[in-house]
Structure formats: structure tokens, C-alpha cells
Amino acid sequence: MRPSGRTLGQIRPVTVTRQFTAHAEGSVLIEFGDTKVICTASVDEGVPRFLKGQGKGWVTAEYGMLPRSTHSRMRREAASGKQSGRTLEISRLIARSLRAAVDLSALGENTITVDCDVIQADGGTRTASITGACVALVDALNYMRAKELIKTNPLKHMIAAISVGVYKGEPVADLDYAEDSSAETDMNVVMTDTGKLIEVQGTAEEEPFSFDEMNAMMQLAKQGINELFDIQKAALA
Amino acid sequence: MRPSGRTLGQIRPVTVTRQFTAHAEGSVLIEFGDTKVICTASVDEGVPRFLKGQGKGWVTAEYGMLPRSTHSRMRREAASGKQSGRTLEISRLIARSLRAAVDLSALGENTITVDCDVIQADGGTRTASITGACVALVDALNYMRAKELIKTNPLKHMIAAISVGVYKGEPVADLDYAEDSSAETDMNVVMTDTGKLIEVQGTAEEEPFSFDEMNAMMQLAKQGINELFDIQKAALA
Amino acid sequence: MRPSGRTLGQIRPVTVTRQFTAHAEGSVLIEFGDTKVICTASVDEGVPRFLKGQGKGWVTAEYGMLPRSTHSRMRREAASGKQSGRTLEISRLIARSLRAAVDLSALGENTITVDCDVIQADGGTRTASITGACVALVDALNYMRAKELIKTNPLKHMIAAISVGVYKGEPVADLDYAEDSSAETDMNVVMTDTGKLIEVQGTAEEEPFSFDEMNAMMQLAKQGINELFDIQKAALA
Amino acid sequence: MRPSGRTLGQIRPVTVTRQFTAHAEGSVLIEFGDTKVICTASVDEGVPRFLKGQGKGWVTAEYGMLPRSTHSRMRREAASGKQSGRTLEISRLIARSLRAAVDLSALGENTITVDCDVIQADGGTRTASITGACVALVDALNYMRAKELIKTNPLKHMIAAISVGVYKGEPVADLDYAEDSSAETDMNVVMTDTGKLIEVQGTAEEEPFSFDEMNAMMQLAKQGINELFDIQKAALA
Amino acid sequence: MRPSGRTLGQIRPVTVTRQFTAHAEGSVLIEFGDTKVICTASVDEGVPRFLKGQGKGWVTAEYGMLPRSTHSRMRREAASGKQSGRTLEISRLIARSLRAAVDLSALGENTITVDCDVIQADGGTRTASITGACVALVDALNYMRAKELIKTNPLKHMIAAISVGVYKGEPVADLDYAEDSSAETDMNVVMTDTGKLIEVQGTAEEEPFSFDEMNAMMQLAKQGINELFDIQKAALA
Amino acid sequence: MRPSGRTLGQIRPVTVTRQFTAHAEGSVLIEFGDTKVICTASVDEGVPRFLKGQGKGWVTAEYGMLPRSTHSRMRREAASGKQSGRTLEISRLIARSLRAAVDLSALGENTITVDCDVIQADGGTRTASITGACVALVDALNYMRAKELIKTNPLKHMIAAISVGVYKGEPVADLDYAEDSSAETDMNVVMTDTGKLIEVQGTAEEEPFSFDEMNAMMQLAKQGINELFDIQKAALA
């Protein structure tokens, strides 16, 4: 029933390539099927002004898409002079999710900026970004410990994310573009590897959804995210 | 236990003032306790370019805050030259929610723009905005029918919204600023008066939340929103 | 002869509501007939860079219109990414006028920002803004004295403003939109309650005006502004 | 008493150089003493969208200052990405004044854009701009008649402008920078050669001014502007 | 003598990966040693306004760098709201070079946009971009012929580019970052496979250079570019 | 053969007017035939942030065109809110060229900003700008020495610039607009008065050019620039 032939709860093949580029303290290429995102984590001394002098660190994130990562070319945001609402919304989501994974007071007055740049899009770019960003973040934290910039590990738990939805009346996990563009409902879920929720964002695209549908989607999300944690851990092993 | 002395599921007094300003086809002042938002619905001929020639209409929304609607003055977005990610995110949320309430093909090639401008903020500005915007939208649709711009009523159902959260370990409904600024979790829920969900946006501000906490919040949301539908209907009677 | 049936020198009913919103140190809703403006005065520590270290304070102002305060919806300036020349011109006029009322050296290194946001427009928004802003300013200065941020009262005199014009060949005071949009000449006058002039801005919209017409308008302005001072004082009593 | 040794009503030497640059339909260098402004009038087919199809023309203006036209270098507005409020205000003043001199319905669907660029500033740049712009406008209209783009002369009358002020308690005409920067009051007056007023903009910089002072300034303005009309006519002869 | 141990005229290993991403009509990953650039060519119907109705096509290009493609993180241009002068300069260079390779009148009213996004930078990003962009362009033109959007091959010749410079007094080819950041002179050369020049841009970074040094650099450039043409042709075979 | 009747290597009449405006430390009007550029050099204390505390100075430049310096009016960059790529590219070229002429460490922590504003354009505006900017720079350095802001002369050598090109198959020097707009190749060359090269920027506008053509152009450039040095020196004598 799914265009890809997958079962309802089946996620796409996921690969995680660490050290994908040379300069960043953490650099990951994550692939959720045909969705491909470069996630780099950059460590910089200092914190934004509102945090200065508190001895705490900061984690932030920015999201972008290459102009032709999509089916038809999108206008380059740097050229149009502003980031779209969607771009800012996703950047904020990634940043909030990552901050929920880190004890900022164990980070010292340092900032980690995670850039998630989509080079090929086939649905689920924000959930792939979060899942890859967490791996890049771990590499950056390891770098900081190796350089003795921090004394303890600020990571509280791993995080990963998946999209779920209602497609042709059935709950499905990890929607690709063919599903996403015609799904009745789309929900993005971010969880910790301790089984708790960080973010839940559900939107009725075509039809309002019931509480039962929501529960069914949440169960698929939990199961799919658990698979992602295994993949993250294997990549970091 | 709540700073306001309310019970866990108790929402703030809500008032809806229609015809609040003179020029808009729909104009509502909505108050959720000390949160006050002016919602105007403007009807214009024509649709955005991507819809031209399809015989369908469009509903969009913009959100803003007066600079001193908040405890300390915020920089005016018109002066800083751009809208913040938060502003754009809320504008998009309101617009999506309203579009879910309207049969766009019954609207003709007309656009309704709903502006939600916060004149006083005490938590819950986005949920008050959605709840007030729906009343302004109804007034605008009634205007269109009276002017014979449309033949049938495009409204599929009413929508309303409430924030719920986990505050000091307990699920609470309709958080005010004192609660919102220290809640562990914050969730905004938009529903139809047919008991279905339009949007669910939950965020772990301090602590990840469990599936059980999420369910408890969802129950409070359902109950609170039902009260809002009664208030909307009384206002429109 | 006037669309509203008023006599040539008759101003509209003016109401001043103090403490209109909760957070600002001064908050006034001023109504000149159907023109309604929210004026808030915000007190902040510190001064702009060019004044630092001189022991003097600063007073500034910003003006805006809600998108549907007007007959047809205007584009939101925050969304278009810049303020129009008209907006900046009015902001500068309000700010200059207020600074003329205050002894900046008695203000300490503090800044008062007055925001004038039009929620309903029917002509004369800039003169209503100045007249209401002065009341909000007085409330903010009283707050500063109560908080012992300043030792003496920096207010040199009250200010108020009115528009006058030539409409169908006759000088008239306090033009509403119906008059303003077809007046031959439009003049805005700001005065002190000591009978002196702060600003005079006269513009020939349709026809050049004579020195005699200017004098007639100035006399109407003086008389109308004196009524405004009575209303301000009653509101502050 | 005046820094320049001039009498109270004496204006600076004014020179008008036509055909100052090669490409514009009208191109004038105007000098008010050490203030030097290049005014070019450009004729283009077509009108702004709001005028299309009405058979009328449009006249507009833009004002700018070279970064080092002033005592210390100002930031280039093109580099900072926006025009200041002062720049926009002066552009609007010049444009309104010029439109008051032209019968737009005799202009056909053509637009004349007058650019006033200050290459050296010593006070009175806006009044020099208006006075020079009117000459450039006449040259552009003559060009249009020669090219048979218009059939009748759309010019209703000449316009010219001067600044007057109160300096050390005395009314003075055509303030230079030394006076302007310490004047109590500054007033810009635009008049027609038929003895009527187009714009009056008076501002109390230091001290409020009386009605008597205003009248005294207006008399000086009238007298000075009449001298400017003689100079314009000599230049155009 | 060179940090990399290369001989003076030796270029870095160059690899060209076609079909690197899925959606673009031409998509190439080009690597000049550790410099890696994704070049996508997008075909769209229509041309910019200034070309409409002439039956000719257009080729344009945009260049960007991922924020952490460099040693330390650069600010994201989409977030800062404008492209730097360097970015625009390189975009213009790539676009001009590509247009010199194409007979625009054989392209019909179609536009090809080539995006060059640097994912890892180690010197020579603009020359790698041009060399890779030409391969992506060929793929896009082949796509157009296969889809019968064009009848003849608009490609006049291949182009490729290399940087040359004077490093520690010696002319060298294809500078990497270690050389580029301390070279006395830096020159970028774009050539056709017919042995002619498209662009020459030489800059004295530290020391002016002589005519003899320029000639020596030009000879190295010619030789290096010829190697690049062999690599392009092998990739396209 | 040339539209102007000049011989192939003949440059246009060049005039240099120093002290053209009053306020700048260096102010030059340079004319290359009908191309006229005002070049002002402004001296300011302090350096950009990246240079602070190193005891070195900085030289930078900005380029602009008056809207009607060209055949048809261009949009004012300050009004459109951004500088074009061409403008930024030329600004960067002028700045780099000037820095190559100055020993920054002899400048102290001072910044010289050279503004080149084209008031009339007839081809070669960037080369006229550089040639005039160098004279303005010398005047500013002389001012600094006279004011004892610097102890030694930071000027390493004079610089001047010329455009050369291939026009109707022949190499020509100092192209005017008639030639420039139809030349096959356009090359800008910046040299020192010690006979060395600072910048070479050659572009095939219509047809790729050969190495021989490049050499022929370089010889013409050398000869023309030597004439410019004589003119600069005469002006500075």
C-alpha cells in the first residue's frame, strides 16, 4: 500500500557517515533513504550576550537546503535576503531538541552550533537532521573532552526523531516525499533514549485526526525511534 | 498550587468582543485573563499567484505583538527589519489552523487575511489568537454571504485552541505567564468542535515528558477547548 | 458643511484612558472621535551610544498602524521588512515633540520610549498620538519619581497637537478622514501649554495656500489645542 | 552677528549651472554658498501601478548625500541597506513640492524622477535641492515638449525654498551649518512665484517659538524666496 | 618546497562524480584535492524579463559555502540577510564563464541555473566550481536534447579553470589553502578547450608582480587546465 | 576606426582637480574624457575589529554611481536596500589596489576610507576611480603627516589603472562607453609606478581571446598607465 512497498511501521534504510567533512569538530552525513543531510557541529569559545558571565554554555542550530535538493529548484535564501518561516521553524526545533540533550552548565562558556544542510530531500529532512545532529554533537563533545575544554560529559541522553502520519487512512512511519505530500496528517516526534518525549508536532494537513489516530502514530514513532537509537549507537561504537 | 489559585483544569475567564474596530469585515478583541489580542479578518478579492485560475480561495494569518505588550519592551519588528522565527512560526500555525476550518473551494477567488495583534501578553497568546481569529473569520464569512460574494458557507467546523503543560509536576490548562515561564513542558492544542485534532505542539522546556503526561495534558486540553467552543458560540449568538 | 456636521473650529470628542494596558510605565488609549491610538511609555536604564557618559537622558518614539486600522488592509511593515517614509517621518515628529517637553539633563542616563500604535484610523493619527503620548510620558515620569530614579520633575510643559486644514475653501480644525482625503491644505501644529509652538507642518495637497489662510488655520489650531490641554489635565487629575 | 557676517535677511550667493551632467533630460548644479547639490530630472515612459490607465503622469524625487559631503564621513546608505528617516522625509518633501508645481494630467503617462544628490553640505541642503530641482524639472519639461511627448506646458508655476530660523534670538534667513547647528528654531518654507505657500515646516530645536517669531520668519522667507525666483529665471533665460 | 610536496606545475588529484544528487538535470561532485563542491544545473522554462520575447536562453550561476566548509565556522549568509561581496563576485565569475561556453540563441527561452555549493574548502573553490559546473551544464544540455527541448547542441566548447600564483617567489599551479593564504600573488584563469582565454583575474596579495611572473603563471595555467579537460572528458565519456 | 577617432593606444584627455569638495582630507574630481568621478579620502581614528590592537592601519573603499550618471536612470542602491554585485566587486577592487600602495603598519591605528562616486559615466569608471583615488589618498596622507598623526610616509608607490580591450579585432586602450558596450574583450589593469602589476582582470565579453591578444592589451595598458602617472604627478606638484 505504501508507494515504497514498506510495511506501515517500517522505516527507510538509515546510514550514518561520521567525519564526512574535514574541518568541523563533528561532521555527519545522515541518510534516511533518499533524504541526505550534512550535519556539522562547530565548537566556539564564548556564549551569546544573554548568557555571558553565568558559566554556562549554549547549543544552537541552523537548517538550510541546497537550492536543488528538491524536485524543482528553490530560490537560494542567501540571495533572497531572508530565511523562510519554515526554515526558521525547523532551525528552532533542532536547536531546542539538542539543548534538551545537554547539561548546559557542564559545557562551560562555549557554544556548539550545529548546521544541518540538506543536499537531497525526499521527506523527513527535519527528523533526519535531528537524528544526525545528535551524532555530530556527540563527536563535538568528545573533541571537547579530548582537548580538556570540559571536564565531565554534558550529554544527558541521546535524542532521535521520526515523522509519522496518516496516509490513506493508515498510520505510517518515516514518510517519504510521495507519502508526505498527500498524507492527511503529519507528525514529527523527538524522543530520548530513556523513552521520554522532547517534541511532538502534529498537523492535520487534509483532515483533522482523532485521539485514537494520534495514539497509533505515537506508538509507531516510539518503535521507529528505538531503531534509530540502535543505528546511532552502532555508528558511534 | 497554581499562582493564580486556579484548579488544574480551570481556564482563565475568557471574553470575546465582536466589532471591536470599525473597518475590518471581522474584528474581535479576545481576552484570556490578562492576555488581550485584537483579531481582524480582512476580505480581499484575488488569491496568491500559486492559486490563480483554480477557482479556490485562500486564508492566511499574521501575528504580531505591540512592543510593550510584554513585561519589558521588545524591539519593534518593523524597525528591526525582520520578523523573528517565533513570530513567523505562530503566524504559520494560526494560518494552517484556520485553513483547516474552511472549504477553500467554496470561497471563490478571494483571500481572507486574519491579523492577530497582541496588545497585552500574559501567556497563551497564540491560543487566544486562534480562538479569537475563528470568531473574526466567521464574521468575515457572514459579511461575504451578505454581500453575495459566496453562495454557500465555507466553514466546515469551528476551531479553538488552548495551551496545557506540566507545572511543578502536575498537568495544568491555560497557563499564564507565571506558569509558562517555569513549566517543565508546554503544549498547544488546536481542535475542531467535532472533537478532532488540528494541531498538537508539545515541547519539553525543562524536562522530557512521558507518554502518560502527554495523555493527561491532552485530556485537559479537550475539556478546556470545549469550554472555549461554548464561549465562541455565545459570542456569535 | 463639514461631513460630520461640526462647526469650523469644533474638534471631535476626545477621550483619554490611562492604565490601558498593564505592563508599560505609562499606557494611554487616546481617541479623537473614531481615531484610536494606544500610547505606551517604557522606561529603560541607559541611553543610546552617542549620549553615553554625559549624565543626560533620552526620549524617543515609534509609530505604527495595525494592518487593518485603515479602510483597506495595509501590508504589515514587519512583514515587508521596512518602515515606510511616512511611518519614520511621524515617529521622528512625535519624538522631537516629546523631547521638546522634557529637560533631558534631569532624566539621568535613562531612556523613555513612547510607542504609538494606531488601532483604528479616521484622520489625525499623528496629532492624537502626540497628545496621548504626552499623557503616557507624564505617567512614566511619575513612575520614575516614585521609584526615585529621578529627583526632580523633568517636564518643562505639556504638549498637545491638532491638525487644521482648508476644506472646501474654509479653515477647519481636527480633520477626520472624510475631510483629510479631500482637503486643499493640511497642517499639523504642536504647541506647549505656555502658548508656544513646537512644530508647524503645513502642506498644500491640492492648492497652494495664502499667508492669510495660514494665519486663520493657526488661530484654529491654538484654540483647539487649548481644549486638548484641558482634556489632558482632567485625565491626569 | 551672524557667523558669516550676513544681515538678518541676507541669503548666500546662489549659482545655478544647467547641463551640469550629460545624460539627464534636466541636470543642474545648484550652490547656496558652500552647499552644493546636483539635481537631475529623468523622463521615463510609464507611471507607477496605482496610476496606470488614468492618462496622468507622475513626478517623484529622491535625495541623497555623498558620504563625505559632511564634516565627518557618514555611513553610505546603500551599504547600510536602508535610507534613514531623514533621507526619506526630505525625498518626500521634494517630491510633494514638485508635484504641486505640475499639472499631472498634462504630463501623459510619463514619470519624471528628480534626484538631488548633495556633494557638499553647509546647511540648507533640502531648500537648495528644491530650488535646483525646479530648474531641472523645467529643462525636462522643455525636452518633453521638444520631443513632442507632451502638447502643453504642464508647469503651473515655479517653486523655490528657503530655510529661516531663530538664531541667538533673531530671525535669520538661509542658515548655514554654523547657524543651523545651534539655532533655536528652524523652518523650511516652499513657495510659488505667485506668492503662495506649498510647504511650511517649522521645528523648535532648542526653545519653543512664539506666533510673532513665526510671522517674522515667514516674512524673511517670502523676501528670500523672491530673490531665488529671480535667480532661477535668470538661469533659465 | 610546496607544503603538499607537489612540483610547481602539479595539480591536485581531481575527481568528478556525476549524478551526485537525484533531482537536478546535471549534478556533479567535483574534488580538487580536499576542496569539494557540489555543482547542480537546473533547467527551467522561461528567461529573465530583460530577455523575454527574443527567442534566446539564459545561463546563470550562484555560489555558496556551507558554514563549516571552512577552518572556522562562517556566518550563514541566509541568516545574515545578505551575500558577501566575495560570494557575489564569484557567482558572477562562474555565470559569465558558463555563458561564454554556450550559444544562448540555440537554447530557446529556457534558463539554466548552476548552483555551486562548497561543502569542504581547501583553496581553489572558484576554479573547482567552474570546472565542475561545466560538466553539470553538459549533462543538463544532454537532458534538454533528450527531452527535445532544444534541437541542436548549444555548447560551443568546454571550459575549465585553475588558480595559479607566486608562492615563496616561485610560480605554482592549483594552490591549496596553505599556499593560498600566504601567496604573494593569486591568479584565476578560465580557458576554453580550444586554447583561448575566458577570464584572467590576477591579484597582488602581498607584492606587486612583474610581467614575467605573469607570463610564467599563464603558462602553468594553460598546462594545468589542459589536464582538467582530460579529466572532464573522461568523466563524460 | 574608433568611434572617438582616437588611435589604438590613445587615452582620453584626463584632468585631475584637487580640493574639489571642502570637508574631506583628500578630495579629487577625476575626468577620463566624459567619465567623471568624485574621489574623497576620509581619515578616521580606529580600525575595524579584526585589526584592533595590532598597531596597524586600514585602507578601504566604496564605489557608487549617481542614479542618472548613466544613459538611462538606474535604481538608487540606497532605495533598493542593497548594493549590486557589480558595485561590491568594484569597491573591493579599488580597496585592494589602494592597500597595495600603502604600508599599513606605518599608518598607525587609523582608517582611510576612499569613496568613489561616479557623477557621469562614459566607460572606464573603475579605472578612473582607482587613478583618482590614489591622488586623494596622497592628499589624505599629507594631511596626516601635517597633523602629525603619522611619522613616516606610508606610501610605497603610486598606482593607476586603465581599461584595455579588443574592439573590432584590434587592441585598444581606455575604452569609452561606445566601445565598451560592444568590445569582444575587456581588461582592467592596475599598475605601480615601479612598473609592476597590482590587478589584471580580463573578461571575454563576446569572444574568447588568445594569449597574443592578451599580450598586446597588456602592452597598451602599460603605455597608457605611464601617461596617467605623469598626469597624477603634475596634479600633485
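Labels for the chains are A, B, C, D, E and F, by order of writing; each one numbers its residues from 1.
In the analysis below, contacts are C-beta pairs under 8 Å (C-beta built on N, C-alpha and C of every residue); 3 or more make two chains touch, one makes a residue touch a chain.
Everything quoted here is computed from the prediction, not taken from an experiment.
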Labels of chains that are neighbours to subunit A and to subunit F
E
Treat touching chains as neighbours: how many steps, at the fewest, connect subunit C to subunit F?
2
Selected pair, out of C-D, A-B or A-E, that shares over half of its residue contact pairs with D-F:
A-E
With chain centres defined as mean CA positions, report which chain is farthest from subunit E.
C
Find the geometric centre of each of subunit B and subunit F from their Cα atoms only, then give the gap between the two centres in Å, rounded to an integer.
58
What whole-number Å value describes the gap between the mean CA coordinates of subunit E and subunit F?
27
How many angstrom lie between the CA centroids of subunit D and subunit E, rounded to a whole number?
50
Distance between chain centroids, defined by C-alpha means - subunit B, subunit C (Å):
33
Per-residue overlap in subunit C, given as positions that touch at least 2 other chains
81-82
Cyclic chain order when read starting with subunit E and heading to subunit F
E, F, D, C, B, A
Given the complex with subunit A, which residues does subunit E contribute to the contact?
21-24, 27, 34, 36, 38, 40, 42, 44, 62, 64, 66-73, 76-79, 81-83, 87, 113, 115, 117, 119-122
Mind pulling up the subunit C residues that touch subunit D in the complex?
82, 84-86, 88-89, 91-92, 96, 100, 157, 187, 191-192, 194-204, 208-211, 214, 218, 222
